[in-house]
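Next come two complexes built around subunit A: one with subunit B, the other with subunit C.
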Partner chain A sequence: MMPSFELITLTLLKATPLLLAAFGGLICELSGLINFALEGMMLCGAFAAILGAWATGSPWLGLLFGIIAGICASAVHATASLKLGANQIVSSIAVNLLAAGLTGLLLNQIFGVYGTSPTVAKLPEMNALLHRNMPSPDGTFEGISILVPIAFALACGVMACLRWTVAGLRLKACGESPEAAAAAGLSVFRIRFLAACAGGALAGMGGAYLSIGDLSQFVENMTQGRGYLAIAAVILGRWRPAGVFSAVLFFGFCDAASEWLSVRWTAMPAQLFLGLPYAACFTVLAFYSGKRRPPSALGRVE
Partner chain B sequence: MAISGAPVVEFRNISKRFGSFHANRNINLCVDQGEIHAISGENGAGKTTLMNMLFGRVMPDAGSVLLRGKPLRMRNPRDAIRAGIGMVPQELLYFPQLSVLENIILGSEPSRAGIIGRRAAEKEVLCLRDAFGFQIDPSLPAGELPFAARRQVELMRMLYRRAEILILDEPTSSLGPGEVEKFLDVLRSFRAGGRTILFISHRLDEVFAVADKITVLRRGSIVRTLESKKTSKSEIARLMVGGDEISCPNAVTEDRNRPAAASEPPPLLEVEGLCVESAGAEPLIKCISFSIAVGEIFGLAGVVGNGQRLLARALSGREKASGGKMTFGGADITRLGIDARLRAGISRLSENPAEEALLPDRPLWENFLLGRQRESKFQKSGIIRKGEAVQFASDLISENGIAAQSPLDPPASLSGGNRQKAALARLFAGSPKLAILEQPSRGLDLHASAGMRDKIFELSRQGTAVIVFSYDLDELLSLCDRIAVIYRGRLMGTIERSLFSRDLLGRWMVGISS
Partner chain C sequence: MRPDSKSSFATLLPALIVGALICMAMAAAIGARPLELVQTIWMGAWGTADAAINTLTKMTPLLLTGLAVALAYRAGLLNVGCEGQLTVGALAGATVAIKCAFLPSFLLLPLSLISGALIGGIWAWPAVVLRRWRMVHEVISTLLLNYLAINLCAYLVSGPLGDGSAMGRTPAIAPGAEMPAILHSGSLYLTAAPIFALLLCFAASFWLCRTIWGFEARSVGSNPEAAFNAGISASIWQTRIFMMSGALAGLAGALEVTAVHHRFYRAFSPGYGFDGLTAAFLANGSPEWLWLSALFLASLRSADKWLQIGLNISPNYIWVIQAVLLLCVACRQRIGNGFWRILNRLRTNSALNEHLEG
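Moving on, here comes the complex of A and B:
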């Protein structure tokens, strides 16, 4: 197989959890609610997916569990920030810390293990679906989870919704000026809360991809900062869906390249390549300044 | 005029207090179907509060609002909109990064299965725009429009929603004369269609041109409701201030009467070939030259959106000049920033003080301190002397008749007119050498705008040069020594007081040079 094709596939794989989380964060932030809690939502999603798959035996139900866990984590953040008036960044950090502690605790209490959960059934791969009856001739789609095309389709769906639907327009309006949105007769709290929940669902799904799409087990703190990278993608994409999409692909590519290079270039320490996506993120954020501004009322409650 | 039985809107024993301040006291008012009902009163008389209660933005402490005889229970504007009530507030609420089109249709989007019918929306919005003769590109982000055009967007939004009962709070304050006429025509056509309009305005000319009834509010209570045919401007003005006569009759009628100087006063500000790159939708400033003498009052007339804001910003140092030269008192100031120009004595009042002059949520004393925090009176080795600053603020509040409870109140708690007074008071207190005033009488009542004019005349006598940007030609004609007209970023011409001609200025304003 051509190395470039391999790199592209790897990029898509690496981009999938970021894509889901970043679009979740994008929806939330466009509605005006700061969302630094993507990391925590992903972690909850990853753990709940394993729990669901383990308890029911079905990875699809596991995915549902993951989505619900993401929504719950997001609802906590939204309630604290929108209803109780907590600082949105502090509330986000609290959700992240809570998620890290809670998943570790439950891992130990439910499975009786430390660090790594038992293996469960993972979601099907493209290969199995496409070549159900005949064995794959070339292994083209080997190792690509069914969640990868689903994630890209969802991202396109979110883009279309934001651009063409009434719901998308109203969501953006709440992020531009909650006062004006209220004067136009919108229920700002409801729209923001729903946006946060939808965002949490996507982020939870991104987490589930890590545990039951990519691997088939939960590892403590397995998100490894991907939630923060997703936030960076939202900022780098200047809160525009197409921009965020490009940023995610860029980060995915850097991640893929680092893995690809570390396999081929064993003379160099692997840690050097592991840092590549983060270094790239830092460099681009430092030197790139787009014209578009963040949502005008980001972080402002009426 | 269609009159049916029950009043369409009835306020019954409405009272509202903010802290210890009685915004509305025991208001009883009936508004009939298909009537244009003007609400008049001085700044802080409680007009906006009353209207906010009809729109569900403020809850009354006591009393009730009835719609067609039934009590209205409103918790928020959504309930009001559902009941067919629309409001254009004085302080604009809009979505800066959404397009004009999206701003207008939001809340009642034409849609099928959740997808916005963009083409249908565009058609209707363009229709509305052309009915008014506004020149707004609906695809531009609203935040890039000049301030006045944003109000036009707001008006279009209201008309788009086809509200049955319209509340308009100072709707014409940034429209030019021609636009006001068109706007009043639209109001008349609304009335003919059976809609009811509640109209707050300080411009009695407009009130008398369209209103059927006029209700005068004073200090939170209704003084009287009169039929406009059976009253006069002077009676309304008298009721507003509560005395037997207008408290400063001279100032209201007095025109600029500049003592003839023995010799030509020296030029203070000279602008040569000033060019500014465009910020947003406004035209570029192209090669503008003029000079202003010490103590002169220079008016800049023009239709909304012809580069006034950009020019004002360039003069104050807020915007960089891309070409040309500005000399102030002999020194080249072209490259100086706002701070250096402030220290040289150039102060500007922005067209939108809420955005560019006042910190809405900080106390008034901090707002008044801004710009003079370095003065030794107000600080000692970097520590603010709060006592001095608060004292200074209370002096300004009482001198300028700002309706604030204390200098610790933030501007956000004041009415629109009082915020304007506060911004003006701060500027005048700094005794600038050059004052650049954009729409200085915006939101001011008769009394306050008379005070503002007196202040301008007084400053001019002390040698301050004043540049007044206004869309109101009458204001400029009575205030200025010279008037220039700006059209699409160029000066059409300048005219001396002795040669003032409404006709010529009007032609310049639409771009006919002769």
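Moving on, here comes the complex of A and C:
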């Protein structure tokens, strides 16, 4: 198989969890709520997906569990920062910490193991559905999970909603000018809370992709900073859906390239390649000069 | 949330009580008796001389990273990059202590610590530059710098700076660079590092509250407009404070090398940088109370394996405790208000009852 095609497929696979999480973060931030808690939401989603798939035997129900867990984690963050007046960044950090602690704790409580969960059934792959073999050269990847096209469709759906629907407009109104939104008769708190929940659902789904789409087990701290990369993608994409989409693809490409290169270019130490996505992200943030403007009311609760 | 010294204690206490209650309820939910839990943590952290030395050793980096976060927070910045700054600081300290082994001890040890602090400060600098020039939030840039630092150091110790083994570590540092022990207990020992860190915290507290520079630094964080009108440059002070913050985290790393591990190895920090955040916020961002929160977090850390051995609870439970307390402290204004309102109502009710009965 052509290496370029392989790299493209790998990019899509790597971009999927980031895409879901980044769009979750985008919805949340457009409504005016800072969301650095994507990492924790993804982790909760990843764990609950395994738990659901293990308890019910169906990976689809596992996905549902993952989504619900993401919503719960997001609700904690939203309640603390919107209702209880916590600093939104501190609350995000606390949620990330809580997710890391709780998933490890429950992993031991429920499965009686440390570190890695037992293997469960994973979501079907594309080739199983299409009844023909998708390319899977030299075992770099086994197949493309069904969640990949779903993720891209969802991202397009979110883009369309934000652009063309009333709900999208209201969401952005809350982020740009909560006073105006309130004057127009909207409940800013409710919209922000719902936006946070929707964001949590997407991020939870992103986490579920990691555990039951990509692998078929949960590993402690398996998100490995992807939540932070997702929020960096939101900032890099200047809070515009199309921008976030391209930023995610860029990070996905860097991630794919780092894995691809570290397999092929063994003369170089792997650590250099592992750092590549973060280095690329940092460099682009540093040198990409654009008018970077967050939603006016981001982080402000009246 | 702004550090507010007047009403802070009245709101902090109820928040901590609520947090502790939630932690107890969670412990009960997973089948551990709350009192047993507290006892296990206490015995694990302070039950024996070895445990106490272990706890005090773990307190040092927490004090310094906590101070780093608190200092930056006072200037209106959030330093989430302590983990990375600590890692590069530790590697720099170890490298200097290995390469300059010919120097006498009284020069080598300070030089190693200073180079750690210096590199830590330099590692923090890009974040504040990005904030000023590109309006990139420092939380994102420092987080990315963390991953960069960890991967870069992992590369350096498995390549150019390593001891040649597959362990991914540097050679042991020169004996002259090791911090002398002041207290022995069996194979364990305690150095002066915790005292040094504690003194640094009080010095920082004095500097912030009693000097002009400290006042300028605080004013940038607490009221940027007033500071601007008074001719205090926010960007200069934020740069300085942020680099100081990075230097403190780097110093924490160098101290870990010279006082505890005597070498640098891959995945050096077990999350001291992130715990610094918890330490700083539990102490309400004030350096003079850091010792208490650092002591608490260090106790949790050194007791975590006893949770596993004694109660068969995953050591991750200590993160849950930290997260719950952090959340409650972050929400302390509302929790505190609610607490006092309920207390007042109870008091008026009982007074009313007494009045009616009497």
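As a convention for this text, the second predicted complex is superposed on the first by the 290 of 302 C-alpha atoms of A that agree within 3 Å, B and C clash if a C-alpha of one lies under 4 Å from a C-alpha of the other, contacts with A are read in each partner's own complex, and residues count from 1 in each chain.
The definition used in the following text is that contacts are C-beta pairs under 8 Å (C-beta built on N, C-alpha and C of every residue); 3 or more make two chains touch, one makes a residue touch a chain.
Model, not experiment: these values are computed from the prediction.
A.B. asks: Does subunit B (first) or subunit C (second) touch A:A183, or do both, or does neither?
C.D. replies: first
A.B. asks: A:F152 in the overlay: touching subunit B, subunit C, both, or neither? Say first, second, both or neither.
C.D. replies: In the superposed model, A:F152 contacts neither subunit B nor subunit C.
A.B. asks: In this superposition, which partner touches a larger number of subunit A residues, subunit B or subunit C?
C.D. replies: Comparing touch counts on subunit A for subunit B and subunit C gives C.
A.B. asks: Please indicate which partner A:L169 is in contact with in the superposed arrangement: first for subunit B, second for subunit C, both, or neither.
C.D. replies: Only subunit B; A:L169 stays clear of subunit C.
A.B. asks: Once chain A of both complexes is superposed, is A:P295 in touch with subunit B (first), subunit C (second), both, or neither?
C.D. replies: Touch status of A:P295: first partner only.
A.B. asks: Answer with first, second, both or neither: which of subunit B and subunit C does A:W60 touch in the superposed model?
C.D. replies: It touches nothing on subunit B or subunit C.
A.B. asks: Taking the two structures together, which residues of subunit A meet both subunit B and subunit C?
C.D. replies: Touching subunit B and subunit C on subunit A: residues 292.
A.B. asks: Please name which positions on subunit A make contact with subunit C in the complex.
C.D. replies: Going by the criterion above, the answer is residues 36, 76, 80, 83-87, 89-91, 93-95, 97-98, 100-105, 107-109, 114, 220, 225, 228, 231-232, 235, 269, 271-272, 274-275, 278-279, 281-282, 285-286, 289, 292.
A.B. asks: Using the touch rule from the top, collect the residues of subunit A that touch subunit B in their complex.
C.D. replies: Against subunit B, subunit A makes touches at 164-167, 169-170, 172-173, 176-177, 179-187, 292-293, 295-296.
A.B. asks: Once bound in the complex, which stretches of subunit B touch subunit A?
C.D. replies: Going through subunit B, the ones touching subunit A are 57, 76-78, 80-82, 87, 89, 93-98, 102, 105-107, 109, 111, 114-116, 118, 143, 157.
A.B. asks: Where on subunit C does subunit A make contact in their complex?
C.D. replies: Interface residues on subunit C, with respect to subunit A: 1, 30, 78, 80, 126, 130, 134-137, 139-141, 143-145, 147-148, 151-152, 154-155, 158-159, 274, 277-278, 281, 313-324, 326-327, 330-331, 333-335.
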